[in-house]
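Several structures are given next for inspection.
The following pair of complexes shares a single chain, subunit A, combined with subunit B in the former and subunit C in the latter.
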Partner chain A sequence: MRTRRVYTLTNYLFILPALLIFLVFGVYPFFKVFQLSVMSWDGISPEVKFVGLQNFIEVLHDRVWWASVLNAAWITFLALTIQNGVALILALLCAQNIRGGHVYRVIFYLPPVLSGIVIGLIWKWIFRYPDGILNMTLIKLGLEHLTRDWLGNPHTALNAVAIVHMWRGFGWGFVILLAGLQNIPQQIYEAARVDGANALQRFIYITVPLMIPVFVLVSILTILGSMQIYDIIAATTNGGPGYHTEVPVTRILASMQGAGRFGYACAQGLVFGAILLFVSLFQLWVSKRLKQE
Partner chain B sequence: MLRENLFYRVRRYAKLSFAYIVLTTVAISCLFPLWWMFVSALKTRSTIFSDFSLWPAHPHWENFYYAWTKGGFGTYFLNSVLYTVTVVFFIVLFSSWAAYAFSRLEFPFKNFLYLLLIASMMIPIPGAFIALFVLLKMLGLINTRIGYILPQINAGLAFAIFLLRTFFDKLPRDLEDAARIDGCSRLGIWWHVVMPLARPALAVVIIFNTLMVWNEYLLALLVLQDKSKMPLTRGLMVFQGVHLIDYPLLMAGMTITVIPVILVYLLMQRHIIKGITAGALTGQ
Partner chain C sequence: MNRVWGIFLGLFLVLLAGCGLNNNNSSSASEKTIVMWHWLSDKEELLETFAKEFYEKTGIYVKTECFPPPETYIQKIMASAQTNTLPDIYSILNSKRDFANFVKAGFVLKLDSYMDANGGEWKNRFFENALKTVSFVAGNQFGIDPGVYGVPIDVINIQYLYNKDIFRKAGLDPNHPPQTIDEFINAVKKIEKAGYGGLVSGFGEPWIVECFASNFAWNIMGEEKMIATYKGEVPYTDPDWIRVFSLIERMAKEGVFVPGIVIKSNKDAEVDFAYGKVGFAFNGSWAINVYKNSNENIQVGIMLPPKVSNANPRGIWGGAGTWFAVNAKSPKKELAVKFLEWLTEKEQEITYAKETFSIPAIKGCMEAVPEEVKGFLSGMKYVYHPRNFPVQEYPLVVEAFTKGIQAIITGEKSAREVAEDIQKVKEREMKKHPR
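This part shows the complex of A and B:
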């Protein structure tokens, strides 16, 4: 009996290192965020004041905060439509077993494995005004009226950042969508062809229904990834000009490092987390309904 | 009959060329920005704004030397290597122990702990880094290497344990039983039997965490203030903030940052692409 208990205890040793690190650096911060969110604290002084829900009420009325959420939502919308649309078209083109498909796959998945900081800096260099290669090329093409400070102009900055984000991300959607397409048994397509279904019909009645789980997965991960965009913003605009490219993560950092308001930053983080959770659950609900039909 | 055949062949040819044109255009747009970074690294501060050639007449390779020495990218590079190797090593060690225990051993609260771990992967808490910063400060780990390493080990653990446990569960137990009869301890079984069999799953864990740590920026921004401790991503941002005009060296630093990733990627791309598609399919 006793040796048995010792045996069970030593089993614990296998998970102990992982468990300790997880409890200290994962679980503790998780609960600490909730605790700090109802406090007023500058992060340094020993004075921590309980303020109840005041931080949350302030978040609800914080115009810059909601502008930053909308900015991220706009980038996310573009990523869901354009980025995933491009990814799907490319995956469909590649799925017809064309020669060299493997090479394209390797190239398209290159940007997603690179650092967001480097990618942001590369594009900042390309977008540079007035002498970056994009503006110089426009001048050479006689399109001088189109040149502008892409990242510094309030009208173009957000979309310019979104383009960088999508350039980085489409290859990831492409790879997953392509894998999904290649999982569909070819016999189904052949049977449909024998029955006289044309390419469009085959796409609508075979590809789309079978791909719905993959579409949902790609959409959820695109939303989570795009809403939490940070590295690319940090390397290109850092939220500017004005607040035109601020996103939730840059706002949380500003509350924390700039304003020294840790409690408020935590409240922002929780509101943001709730939004993300809600969106994911909504997506799962939609996909369940689609499956039932 | 023959004419019809020709029609289909022409149509098929047209369709294929369309596919190739689109795919190749996108591929070029993927590669061009990277090429432009590399070429810019070979120009000088005076030619970089006027020379728009895709390959400079006089490539200044010494820029890489200066970036490495004067620019400080040598230090940043070694820091990145140190962080990546350390974090990945401990993720592999701890997650493979834990996954082995979850898969093969019995202990109280096993299922509860496993669920907790998986839940931590699913729930997005974008504010957690604030509390993490507070914690590191409390522990006196701000501006220390260990303060940058430990949270990243945690960040990689849950997914690694999930992946490895799923893999271990599918492994046959006969070999382990044989080893046990031969008097092998649990640690011995883990090292001599399970780990060698788990190589494909371990490769996925190693590659993905290597990329994660090498590209990490936010935590480095929060934790590290000394240049001597910064990894490449953080070093790049510091460099571009201080040397506003030294674009060739900045581009050289960026190239230094991505070259190891590109090399690893090209060597391992089969595992990487298999890894994300497998991850996506289990995610369903």
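This part shows the complex of A and C:
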């Protein structure tokens, strides 16, 4: 009996460091954010004033905040469709055991490994007007009328940033989708081929249904990653021109550092967290429905 | 099982012993050691040399620790203030509002008693404008006890710089830079005709945009009206403010600004100017050091902002550049004050100016100022700074102001539309936080 109790105690002792770290760096900050979100605090002074739900009401009426959420949502939409579409096509090609497949895998996986700031700076140089690589290439191709200040133009800035984000992000999706494709037993395809199914039919009736869990995983990761975009924007446009590339994280930082409103920034963070949670749960619900069907 | 418990007990005892270790020598050394946090990576070596010299003279060891860039430094200072772990000497690079919050929280030592000692010998060393940046005036909106709360090491100001070689190539006289806005726009057109860019600056950084526009406001409406605007007595839709925004609109339409200026960081803008791609730059006195490090052959001229009105004198942003505060909660604050007093003696200031192309914060060092920055030194008499006004503008209004000017430059909004947008934000803020 005593030995068993000692065993149990020892086990708890082993998980104690991890538990402490989790409590200090995970649970405590989470509750602190909740606590601060109902306070007015400049981040320094000892005076912290309780303001109830005022910060949340203000967030709901903050037009710049909701515009930043829409900007992030647009980038997310492009990432979900174009980025993941490209990732899927490349994964399908690489799953065919093509020559040099391993080399392509490494190449496609390189951008996600690089720092977002470095990627942002490289693309800022590519988009530069009038002497960036993109504009110079357009001139060389006789398409001078298409040259523009891609990042400084209010009409193109957000899409230009989205392109950089997608370039960086498609490697993640590619690797996960490729792993998913390789897990589908080849016998199913062979049986379908014997039954006379063509490539498109095999894709629609075999690949897609079996890949749904993988699609869900990639979509959730894409949504969470894209909505929280920050480093690329910091390195390219810093939220400008005007408010055209502002995203939730830049707004939270602006509230915290620029305006010294920590309580409000925490409220923004919680609202943003709730949006992400809602989107993820919705996504899971849709995927469950699809699986059932 | 006993072995596992033995290991835990052993580790616990080792930790306990470590906490209890106390060496008399190290304790006395730490009593004479002060810690200084800065962000000046380009001056790190020089500050360490100063610390060594100070140690040899006084036996007080100054441990300098560098945390560049400024954004990281700001975060480090904020986090340390929240956990009450600020060093003995540090700086507050944020707004005056944050500076006031640090003072209110008891993190900044008021220096008047030290500055005024010996007939005000220490205080009298400094340029008046340098002290303004680190002081709070009577009746300030934050309710801070008026006085001096920091020690300036150098002074800065922000002016227009021009490339003399490009001026010559464009048929302009480098000894007679443009004085009025019309002359300035004409000069830019000639420069562009010669194949170079017009005016570059880091307009992707809000503070430069604010600085650029408020210089015109200073010239058109003067200090009183600017303060009245901040107080909410004059709206941003006032004809004088519309004139300020219209001037920028005109400059944008005439092609004065280089493409992409609204997202350029100041670093990018400095590179463009240093490598002779543009004729004009709007930048601070620190830029000379940057330009010289990038291109030692560059010949830089310095000029005041173009005159846009005869109603008021022209003005430029400026004041203390690098400055340090003493942590009022530090038990070694007296040693910290002693070090800063020594650092701002003439000998150290001259070395600092020569090594870093800076303008000393103290008077009587004219001979030490490198030739290249003398234009900035003579500009000190035009210096003002909105952060030194008794009333500060609301941060969200400043944001609307800078974002609005970016929108004017990109052609997205007119001067009047931007003025109305800013005024809307102002009214909202005044309702939320009445003064």
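As a convention for this text, the second predicted complex is superposed on the first by the 280 of 293 C-alpha atoms of A that agree within 3 Å, B and C clash if a C-alpha of one lies under 4 Å from a C-alpha of the other, contacts with A are read in each partner's own complex, and residues count from 1 in each chain.
We adopt the following convention: contacts are C-beta pairs under 8 Å (C-beta built on N, C-alpha and C of every residue); 3 or more make two chains touch, one makes a residue touch a chain.
Only a predicted model underlies this, so the values are computations on that prediction, with no experimental measurement involved.
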When subunit B and subunit C are modelled together on subunit A, clash or fit:
clash
Contacts of A:259 with subunit B and subunit C, given as first, second, both or neither:
second
I'd like to know which partner A:98 touches here: subunit B for first, subunit C for second, both or neither.
first
After lining up the shared chain so the two structures overlap, which partner does A:242 touch, if you call subunit B first and subunit C second: first, second, both or neither?
second
Taking the superposition on A as described, I'd like to know which of subunit B and subunit C A:43 touches: first, second, both or neither.
both
Of subunit C and subunit B, partner touching more subunit A residues
B
Which superposed partner A:129 touches (first subunit B, second subunit C, both, neither):
second
Quick check for you: in the superposed arrangement, does A:202 touch first (subunit B), second (subunit C), both or neither?
neither
Figure out whether A:230 sits in contact with subunit B (first) or subunit C (second), or with both, or with neither.
first
For A:153, select first, second, both or neither according to whether it touches subunit B, subunit C, the two together, or no partner.
second
Check subunit A for residues that touch subunit B in one structure and subunit C in the other, and list them.
10, 43
Which of the residues in subunit A end up touching subunit C in this complex?
3, 6-7, 10, 13, 42-47, 128-130, 149, 151-154, 157, 236-238, 240-243, 254, 257-260
Subunit B to subunit A touching residues, read off their complex:
16, 19-20, 22-23, 26-27, 29-31, 33-34, 36-37, 40, 49, 52, 93-95, 97-98, 100-102, 105-108, 113, 116-117, 120, 123-135, 137, 150-151, 153-154, 157-158, 161, 186, 190, 211, 214-215, 217-218, 221, 232-233, 236-237, 240, 247, 250-251, 254, 257-258, 261-262, 265-266, 269, 272-273, 276-277, 280-281, 283-284
Subunit A partner, complex, touching residues on subunit C are 1, 4-5, 8, 74-75, 78, 81-82, 94-95, 97-98, 101-102, 104-105, 107, 204-206, 259-263, 265, 395-396, 399, 403-404, 406-407, 409-410, 412
Over in the complex, which subunit A residues touch subunit B? Could you list them?
8, 10-12, 14-15, 17-19, 21-22, 24-30, 32-33, 36-37, 43, 86, 89-90, 93-94, 96, 98, 103-111, 113-119, 121-123, 125-126, 131, 133, 136, 167, 171-172, 175-176, 179-180, 183, 213-214, 217-218, 224, 228, 230-231, 234-235, 248-249, 252-253, 256, 262, 265-266, 268-270, 272-273, 276-277, 280
